[in-house]
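Several structures are given next for inspection.
Look for subunit A in each of the two complexes below; its partner is subunit B in the first and subunit C in the second.
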Partner chain A sequence: MDTCIEKIRELSADLLEKGEVEKVIGFAKGTIPMATSPIAVKTKQDVDKLVFNSTCGLNLANYVSKGKGKIAVIAKGCDARNIVTHIVENQIQREQIYIIGVPCTGMVDKHKIAALFEDEIIEFSEDGDTLTVSSLLNTQTLKKYDYLKGNCLYCTHKNPVLYDVLARDLVEEQKLDNLFPDVDRIEALDEEAKWQHFENLTKNCIRCYACRNACPLCYCPTCFVDESSPQWVGKGQNKTDVNTFHFLRAFHCAGRCTDCGACVEACPMGINVRDFTRKLNKDSLELFGWEAGLDVTKRPPLDTYRPEDPDDFIK
Partner chain B sequence: MKFISIDKNDWTKGIDKSREKYQLFGPVKDENGCLIKKLDPDVQPDMGFHESIMSAKSVIFPQTEKILNTSLDESIENHHIMQRAKTDYSPRAVLGIRPYDAKAMELVRLNFDTKEFKDPYWCDAYEATVFVGLGITKPGPFDFSTSVGTGPFCEEGLDILLADLDDTYLAKILSPKGEAYAAACGFDVMADEKESQALFDILRKEAEKNITSSVEIDKLKGQTILELHEADFWDDVAFACINCGTCTYVCPTCWCFDIQDETKQKQATRFRNWDTCMSPLFTRHATGHNPRGTKVQRVRQRFMHKLKYFLDKYDQGIMCVGCGRCVKSCPVNIDIREVCNMMNAYEKQD
Partner chain C sequence: MGNLLEHMGIEKDRLHFSWISSAEATKFVDVVKEISDKVRALESNKKFEKDYN
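Our next item is the complex of A and B:
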């Protein structure tokens, strides 16, 4: 990937120097291979800490919250869609935020790459579409496209939908005949196999809530799983309680999820959390012609009523 | 010290034999990674050098554990009186763990098994368990165990330490529990003590040489709590944190728990679950007041507890065995090694 980091640093330094923003939220270099860490840069001197590469898979809209001053944020296509969602849902005002848009060529699936190696990865580098990954035992040269995160594979909004400035030229959006082949595969299963698929998905869940906490949509002051009076769901490892958390969280994201994949990126157990939300995204598109986070002037389908809304379910 | 040589061709037969007396736990690899699990009768522990995502702590201290129960049916004698839940404390062995996971148990023990208080659930499970470690010959890049006083062949807390010698395992028997387990497996080929110890020393030194990662802890003891507490770096350390429980759950030494009561019809059960100091709920009072209401307070608490409060209270080193699991699993790459070094090197600016 042309990481366009020089441009990002230049724009950030300029904004901080002129005092137009209080801080720039971006990614810093990680301490281990294939990791980056969200950072708030407050001085011109610190902009060199910013990096941008194919391991910036978290969503920085998650770090944008109501505050006094104006903040800048480095936004990929999906981060920008979640900023739009934040604006629509009154989590932030448009004028509070300065968006440095970064047209994105996709992020890499760290679990998929790690699975290629017997031992731990000690080095990761990229040059355009070529990834070079080493462990102590061997080195592999990989094509980035083959190791994209699942959500990047089906992404049709690589370019930020809302921005104040771009850090590089817009990229070509991919045209896909089918946006949801993964959902189709699950839908094709019989009832029992379908249930088993979701049972397997959560079998290693440790309820650390990294998926929820990495998600920009999950800003409820108190999540339903943390409520104690009434307590809606048990807090232990009982399978029904674990599944209840995942199912309800997914439904709470219906019509709001941008499929940024931050939940999958954050999960320490390698659970493809998106399997819970993707079907709802597909329904949103098929039933309401809706994709979340594209337009600050439109309300999401589940908090509006239109006479033409589908009502086939009323028999 | 006694050493036993185990031909790898006899390994499976031996541990299968031990299943008559012991429940077995060990590393199991699936599509998501490697975890320490209870082994079904037909499942063998994965003795390759996979670094399990979670430590072995759940064998003694399960993430969810029934501790008490009672009946709410008033027609039954002793209704509403909590009784200890029935738990199977028959002998169990956990095989192929990283050696310092057992050292972590010794640190956790300082909390659960004291002169004044004994946590019956933890102590009974601990008593029932044989810890069989596998010396790490190829330490991963996140392993900083030697700098915190453990290491890839650390023996503390283990009952047996295995060294992988390609065709055989050389087993160092470290306790009577370990001896009994080896006997239950039928492993009885004695190895020469002097030669075996020399071999262990060579392997240990070789492995320690391959550890590339470290932390500085020499000045932590001399730091004052209040100065560290007020240090200027906590906001920056905490910025990226999403307050998930990953670091605390993957940690072999994090011991905090929460108590929950649940009822199902007339049956009431008291559970304890792992808790995490990263969650706002951890300290929220019934009044709604939260003494650690902000993210930065919680992040600071975790590092201060592990690297300062624990050190000061017990004088047994820091509450970290250097496994690197939290470094690897943190979704936002908050790295305890960096924080530890910052705390160690901190000097108050006047």
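Our next item is the complex of A and C:
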């Protein structure tokens, strides 16, 4: 995936030199192997700091705030969908943003890879579909497809839906018979087992709110969990409060979530918080024929009324 | 929302939605009766119950 970085740097340098944009938001090398962090590059000299590889799992749409100047942003398929959502929700104007689209071949699940090693990973490199990961004790060569993030496995929008320029050729989208096999598995459980599944899922949650902070949808000036007057939800480790937080956070993403997986990427405890939002995505598609962030001209289902909207839940 | 609660293992009959005009007293009675019957049948909810100890 490293091949397109030269193109990204070249485009970024050009934009900055011409003064077309104030900054370029992209990924920079992280402080540990298999980590990248968001960076805002403001000068041509700094474009070399930009990187792009299979560990860029965060969503850069999160950093496209309401600034005055024009911003360029590196966008994978999901980042672009969240930029569309930002435009639809009036968080940013289309003219304010220059999108450097990067058709994506999927990001890797760091927890899955880390689980293969007894000790700390010290080196990570990739060449096409082959990953080479080393720790002090051993080195493993892995196939990227086997270690994709859960959301990338079911992704059908690898190509950016909106862009000004592309940093590499478009990739082929996968055709899936079932977009939600993971949701189906949970739906097949009985009530008690479902509850147990979610209890187990959130039991390690430390309420750090990394999932919320990484989420491009969570841009409220004050989040409901931080409010103290009224206090909507307890702030401690009480499991009911933890579950309430996850349930409500997910519901705030109904009809808006693009399943970018930034929440899971950011979680230090390796919790698959997508188990909550995926159900909402499935419902959005089945009940409203809606997938978020595909079209700047369409209003989201919770924002519009159609006479044919399903109403069998109301008496 | 009902669907997500059900997905998490909360019984569907615990959550009800209705639209009742202030002039529809009989409908209000019917709906409340139906809700209380259904919820009573499920017995008390132990999920999402906060333990203060």
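Convention: the second predicted complex is superposed on the first by the 311 of 315 C-alpha atoms of A that agree within 3 Å, B and C clash if a C-alpha of one lies under 4 Å from a C-alpha of the other, contacts with A are read in each partner's own complex, and residues count from 1 in each chain.
One rule holds in what follows: contacts are C-beta pairs under 8 Å (C-beta built on N, C-alpha and C of every residue); 3 or more make two chains touch, one makes a residue touch a chain.
A quick note: this is a predicted structure, and the numbers were derived from the prediction, not measured.
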(message) Just checking: does A:I122 make contact with subunit B only, subunit C only, both, or neither of them? Give me first, second, both or neither.
(response) first
(request) Could you say whether A:L60 touches subunit B, subunit C, both of them, or neither, answering first, second, both or neither? (result) neither
(message) Contacts for A:C205 in the overlay, against subunit B (first) and subunit C (second): which applies, first, second, both or neither?
(response) neither
(request) Considering only touches as defined above, state whether A:V84 meets subunit B (first), subunit C (second), both or neither. (result) neither
(request) Mind working out whether A:M107 is in touch with subunit B, subunit C, both or neither, as first, second, both or neither? (result) neither
(request) State whether subunit B or subunit C is in contact with more residues of subunit A in the superposed arrangement. (result) B
(request) With the two complexes superposed on chain A, say which partner A:G234 touches: subunit B (first), subunit C (second), both, or neither. (result) both
(message) Quick check for you: in the superposed arrangement, does A:K315 touch first (subunit B), second (subunit C), both or neither?
(response) second
(request) Quick one: classify A:I271 as touching subunit B (first), subunit C (second), both or neither. (result) first
(message) Under the contact rule defined above, give the subunit A residues that sit at the interface with subunit B and also at the interface with subunit C.
(response) 234, 238
(request) Could you pull out which subunit A residues touch subunit C in their complex? (result) 183, 186-187, 189, 191-198, 234, 238-241, 243-244, 247, 250-251, 254, 276, 279-280, 283, 313-315
(request) Quick one: which bits of subunit B touch subunit A in the complex? Just the residue numbers, please. (result) 30-33, 35, 48-49, 51, 53-54, 62-64, 138, 140-142, 239-240, 242-246, 249-250, 258, 260, 262, 271, 273, 276, 279-281, 327-329, 331-335, 337-338
(request) Would you pull the subunit A residues touching subunit B in the complex into a rising list? (result) 30-33, 35-40, 58, 62-63, 111, 118-122, 136, 204, 206-210, 212-214, 226, 234-238, 265-271
(message) Touching residues of subunit C toward subunit A in the complex: what are they?
(response) 1-5, 7-11, 16-19, 31, 34, 47-51
